[in-house]
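Following this message is one structure expressed as structure tokens.
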Amino acid sequence: MTAKTFRGGAHPPEQKDRSSGLAVERLRDVKQVVIPVNQHFGAPLQPLVKVGDYVKRGQKIADADGRMTVPVHASLAGIVKKIEPRTQSNNLDGPCIIIEAKQPEPVDGVVESTDDFMPPLDPFVCSKEEALARIRAAGIVGMGGAGFPTHVKLAPSKPISYVIANGAECEPYLTIDERTMIERPEDVVEGVAITMKIVNAPEGIIAVEENKMHAIPLLEKAIASSPRTRAGMKIRVQLLKTKYPQGGEKMLITAITGKEVPSGGLPMDVGCVVQNIGTLCAMVEAFRDGKPLIERGLTITGGACTKPANVIAPIGTPVADIIAAGLTAVDDEALRRIIYGGPMMGVAVPNYAIPVQKNTSGVLFMNEEEAVHYEEETCIRCGRCMRACPIRISPALLAVSVETGDYKEAEKIGLLDCIECGSCSFVCPAHRHLVQKFRVGKQILRTIKQKEAQNAR
Amino acid sequence: MKSLWKTFKQGIIYENPLLMLMIGLCSALAVTSSVSNGIGMGLAMTFVLLFSEIVISLFRKVIPNSARIPIFIIIIAAFTTMVDLVMKAYFPELSKSMGVFIPLIVVNCIIMGRVEAFASKQSFLPVVFDSLGMGLGYTWVLVAIAAFREILGNGTFAGIQVMPGNFQPILFFILPPGGFLVFGLLTSFNIWLKNRMAKSEKAKERA
Amino acid sequence: MPAKGMLLSSSPHSFTQISTPRMMLSVIIALIPASVYGVYLYGFQALALILVTVLSAVASEYLFRKLIKAKTTIGDFSAIVTGLLLALILPPKTPLWMGAMGAFFAIVVAKEFFGGLGANPFNPALTGRAFLLMSFPAAITTWTMPHGLALADATSTATPLALVRQGAALTDVAKYFGASDVGSLYRQLFMGYRSGSLGESSILLVLIGGLFLLALGVIQWIVPVSVIGSAFLFSWLLGMDPIFNILTGGVVFGAFFMATDYATRPLTPAGQAVFGIGIGLLTVIIRKFGGFPEGVTYAILIMNLATPYLNKMRVKKYGFVPPVKPAKPSKEAVK
Amino acid sequence: MVTIVLITIAFSAILAFVLGTALGFFREKFKVERDPKIDEVREALPGANCGGCGFPGCDGYAEAVATGRSPTTKCTAGGSATAEAVSKIMGVDAAREDVVSVLLCQGTKDVAVSKGEYVGVQTCRAAKLSTGSVKACSWGCQGFGDCVNVCKFDALAMGEDGLPHVNYDNCTGCGMCAEECPQKLFVMVPREKKGSIVLCSNRNVIKANVLKTCKTGCIKCEICVKSCPEKCITMVNGIPVTDYSKCTSCGVCVQKCPTHAYKLLEVDVMGEKKKVPVLEA
Amino acid sequence: MDLIKIFLVAVLVNNVVLMRFLALCSYIGMTSDVGQSVGMGFAVTFVTVLATAATWPIYHFILVPLGLTFLQILIFILVIASLVQLVEFYLKKNIPGLYASMGIYLPLITTNCAILAVTFENISFKYSFIESIVYAVGVSIGYLLAMVLLAGLRDRMKSSPVPKFLQGTPILFITTALIGIAFMGFSGLIK
Amino acid sequence: MKGIAKLGLVLAIFAAAACASLAVVYAITKPQIEAQDQIALTASLKEIFPEAVNFEDVTDKIASKDPNIKFLNAVLVKSENAPIGVAVKAAGPSYGGQATLLVGITLQRSIAGVRVLELKDTPGLGANANNPGYFVKKAEKVTFPGQFTGKYLTDAFAVKEDVIAITASTITSKSLTKIIKTAGDSAAEWLETVTADTSAETTGGK
């Protein structure tokens, strides 16, 4: 099998061997969870519970009307202690529902179940609408990054020819998708099959990078034994070169199909749907067990992490509690930087009391050596960023127009196309903060455009 | 008298056309490859400036406002032509080496600027002092640039060998790019000077 | 919880090991073979010239930065590269003080005045050479025959290109340099026995350095290939000997080490190709019609001028959608 | 000699007459209506058309000045005299209210806790975007001086205490800083306004957390509201606001405020406050 | 062939700005923006050719027969100034589109010494009418070229950390010096 | 309309006055300007032929054989009344454009002297031909044009062999030599025709 890939990109050190051999452990007996109300990309939600309410595990605690909304569920049975702003993993304060674990009093000697799950649903039998409603009701969002509502993604307005399971996991350090593919290959395959059924796609592809080769036989075995493939569904594994950002939706599509998602468009414009491995498994659980997205797997690792781990933790668990539970350990003395997410696109946060969210794929504890930060030097115009940029927007030139405030030119070069993957900043020998500049530039450009639109009116 | 003296000083230093106002650059760069050219150009310029200002000042009340620009041009052009003719007749070498730049005095911003801003509003005496101040201010900067370029670029000052015999002249400085470089550094000096003056003025205000 | 404050940075949080000084260092390494060979050919005078230009380049940068109270940047080694490159494109017999002056001009006027590394619009080393060529035309066009480490007086001579320019046939040039025929003249020029600039004698060694940089990914192939290719093509079209033309006058040296200068070449691939072709064409034109026998220096400097515009020749971005001209709204639609 | 002089006179007189007449004629014929101020300014300029101002000729510059796109001092050929004349023409319409910019944050380095060690692009906007806020207080001044950079009048400077300081002599109240500040910490206050003001913008709903983040933050204790003898302070959106129509500048709220967030405009803000050493740009 | 030679020498070898120091005011003033520099360049080209076409016959068919060649400076500047005025009036009224893009540069052109210089030189170089026109085009294209090149470099320098004491005009002159050095490569191109 | 006419009238008065004064200046300087070229030429001629007194214009009689080299002026130089040589002001292409030389030829077909009148070549290189401080023979202090003095036209004129070139300026050296040689040959040829009928007076020389 030849490994496919895209043009551009970078090769950050992988650093995956710390945790890639460690089986996923489940965190139990969580005392308290801090569940951010808004964990998806879309309109904000309203809490459905009050302080003092008793909630069951899996009970919907926040929701709102609207297409781009996804409800949030209690990941713990207990009492709602507070609803107040807390720092989330994007460093911003947002409303959080704080639930303290409490076993319900036995009524008549019988302890009522603390779980409040939905009835199982067979996605291959039910209608597409029912399936999509289930996915929304289960609170499923894209678990790889921005938290895009999955029920929206699975209702494309264009015909789909490929469903791609994103097993590239190109971010260094992170291994949770790799572990999931090794430990639950059947669920991954089942998830692909469900997606294919919903979007009516003829082909499913599980994309895996070369550094996760060992997962391939397991996946292939799962495909071979899956009742779905036996029923005629076409699912295969595709090998990809190890390169960042191979797991970026657009890059993945280009690597596999050779097509490019048009600027400003969506994967469906080239007939693709890309799903994260974790999302696939969550979907499987939502149909098979009726379980909403109340827990997720994440990798905890890094140079200052003395006990790396792949953990499944309830959504809203402060990472400090995972440490307290002994599943992982961190050397506070050596700790210099905490990142929620991967090192290329994650967010550096001030402390590790911040809870795990639906899109938290990992937590990195970096030591002094890893947290090295360079002074920004002047651009020497070497052009490395130009070759690394997977979407070919000439970062060196873009940076100049952003710095000089020439947003007209910046837009022409493609500021709004930037996917903020960080490849340019990574390869820059002068350590220029390119991505950060583009991010600020995008914000300013959008404001300008808004103003223009208002003036035009 | 004091104010006349001040007018005179304005042109030489505080509002020096080349050093401070940065106008009249073309000729300043073109003729400064030798000191003699610089002096010649400076004097020619001063002459035109002086007489144009005097004449315009004398006739300022007769000149109708709407036709003033063409009339100014006529007067300036007349004096420029005179200088040109005199140069051709009595300093043929100088005239040749400055070429088209003597006739071009007519479009020099300094003259038009002074005539419009000063001569058309002032009486005889201040005008004389202003034009002499401006002219000399122009000339001395011209000679200074020319001296720098000629000494470094040719080893001579006004044609007289001043550098030791084994000095290798740096031709760059008498070539056009050298002129631009020297002038660039001069303007940088000019900015520094302005800042300093602004600062000292501020300090004065405070005191 | 840790006591001290965490580092708060914006993504990405990971950086490559390749830094500016490292890239400059690899350029210096790539230049070593040619420099050593130059010293071998021209003796201590050549060594002294290299040392003087490098030292004065570094000193100029250090002192200038001190003067304007800016951060010292000699740690990025770029001044060393400029000094070394300058020495390698000067005649071996250049008086040392001229070398120092050229390095000063290259660093201070061509580079630091514009804000230092990366901001200079013109190749500093070439600007330094052009400055010297303008200032001391006789000294910078006085060449010597290679005379080895011997302290014997160097004999003045002409470069192969100058000979051709004066009307000599290639066979005469071959004879002049002791080669039996034109073919062996090519070989000799390739291996490196001829009069010329300090560092461009041996095309072989220059190529080795250039390929080393290509292999490391410090430079890319578009510029050197297009420079050499277009010099070859256009000299053939203009009825000159193409092989002779690319083997002489620093075409290869310029293509690999001067035209690829980061700050002054275009960033985009298409721009680089046009840039390289332009250099080759101008080199040949200057050689054929112009006032200088070698032409590469000015060809590159002139193309440097076009760089800001060549940078506009961008690659189509990912998923580029050609802008659709908004159709004129029909009157009904407006209603 | 006489012949040549006569020929010359005849020729030039005819030529000049023709040209002059033609010019006058065309000027009348092609007259285009426009703002008279442009002409006024144009009249005051030397007419050298040297381009030294950066505009296409004196006409271009006059138009730019008249429409307010350019300062009145750009004409180099005319020197100071022209600048004065132009300013005189333009200076008459300064009828707008004289306001100055006031920073509603006192979170200096010493009193406001920082969230961590921020590295990256050194602008407030970038810092806020990447970290939420570099200070533990989400509403506080980021301290990278975006406002200073945007100020065209040299009225803002970063102090060594980590906050920008307004030079009220230079401030023209143009509002550029308020526009630029990502935390929206600047308000425009009339220069002559008297009364008390809260120099804090935090909207923290958990009162207990305010002091953890900033020693001079408003802790919403409402002592000011209660102690004000004129009853002119009310809590609006979690922050006390003074009703200036009633405020007598008695200073009770300033004295009572436990965290010194309340200040008097005329004394503490615009008066001769303790000078903070200003960082070299 | 001679015409091509006259043209190339005027554009490249004896570039009006870089080698002859003419028209510096607008060269420095009007290059902060590429579009502006192109507009100015074309406006100058237009007027230079027009001025040449007007002054050459005046000189040869009026001044020479009348023996009034010494009035050359005066007449030429008057003719050019009036010409520019008329063109401006005409454009303003009749082709407002063109006026908007070019007209604003017209007043600057009256005092653009390059134009006057071209008309003088056409006489002193003893060029024929056709040669004069070619020379005029060459000089103004040379001017346009210098403008556009500086504008490009200026655009690029906007993001450069130029030392404070050189910011503004000084660095423009230094840049021009370096452009001049590069243009020295063209010297001797035409013999 | 009246205003317009007044405008034109005022303009006319000023123009007339200005031009009138100009005309006066012109009338005064005119003879001097016209004499200027002649004065300069005579001065150079006297340098080449110290005993020259009279000059006879023969410009129309001597033609250049090389189309690139033009003879601007040619004079027959006479002492009192006997011809002593011919001087040709010749212009031809050199490195940096037109170069103008004044070449004097004795009746013995040797070069009496060469003056460089106009040369636009590279300073420091070609321009050294016109530099009185630049010597091709340093010991004897002979300048580039100086080396031609006394050279017979029948001698070889190969640059770098018979004529010492200016360092690194072969082109200038060659083009100048070519101008000198062309001017000399043409002058000599013309002399043949003249001396044929005035031989009695002129062949009595050395």
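By written order: A, B, C, D, E and F. Residues from 1 in each chain.
In this text, a contact is a pair of C-beta atoms (placed from the backbone, for glycine too) under 8 Å apart; a residue touches a chain by one contact, two chains touch by 3 or more.
What you see is a predicted model; the values in this text were computed from it and never measured.
Asks: In this assembly, which chains make contact with chain D and also with chain E?
Replies: Where chain D and chain E share a partner, that partner set is A, B, C, F.
Asks: State the chain with the largest centre-to-centre distance from chain E, centres being mean CA positions.
Replies: With centres defined by C-alpha atoms, farthest from chain E sits A.
Asks: Give the chain pair that accounts for the most C-beta pairs in contact.
Replies: A-C
Asks: Go ahead and note the Å separation of the Cα centroids belonging to chain B and chain D.
Replies: Centre separation, chain B to chain D: 39 Å.
Asks: Could you work out how far the Cα centre of chain C sits from that of chain F, in whole Å?
Replies: 45
Asks: Using mean C-alpha positions as chain centres, tell me how far chain B is from chain E in Å, no decimals.
Replies: Computed from C-alpha means, the inter-chain centre distance equals 22 Å.
Asks: When the centre of a chain is set as the mean of its C-alpha atoms, what distance in Å lies between chain A and chain E?
Replies: 61
Asks: Mark out which residues of chain F touch at least two other chains, giving numbers and ranges.
Replies: As it turns out, chain F has residues touching two or more other chains at 3, 7, 10-11, 14-15, 18-19, 22-23, 26, 95, 122-124.
Asks: When you check chain D against every other chain, which residues touch at least two of them?
Replies: Residue numbers touching two or more other chains: 4, 7-8, 11-12, 15-16, 19-20, 23-24, 27, 48-50, 52, 115-116, 119-121, 126, 129-131.
Asks: Hey, what residues on chain A touch two or more of the other chains?
Replies: 91, 348, 350, 373, 378, 433, 436, 439
Asks: Looking at the whole structure, which two-chain pairs count as touching?
Replies: Pairwise, the chains that meet the contact rule are A-C, A-D, A-E, B-C, B-D, B-E, B-F, C-D, C-E, C-F, D-E, D-F, E-F.
Asks: Would you tell me which residues of chain D are touching chain C in their complex?
Replies: 114-121, 126, 129-131, 134
Asks: With touch defined as at the start, can you tell me which chain C residues reach chain D in the complex?
Replies: 5-10
Asks: Once bound in the complex, which stretches of chain F touch chain D?
Replies: These residues of chain F touch chain D: 3-5, 7-16, 18-20, 22-24, 26-27.
Asks: Please output the residues of chain C touching chain E within their complex, sorted ascending.
Replies: Spelled out, the residues of chain C in touch with chain E are 68, 70, 109-110, 112-116, 119, 121-122, 127, 130-131, 134, 282, 285-286, 289-292, 295, 297-299, 301-302, 304-309.
Asks: Quick one: in the complex, what on chain D touches chain B?
Replies: The contact residues of chain D facing chain B are 16, 19-20, 23-24, 27, 46-50, 52, 76-82.
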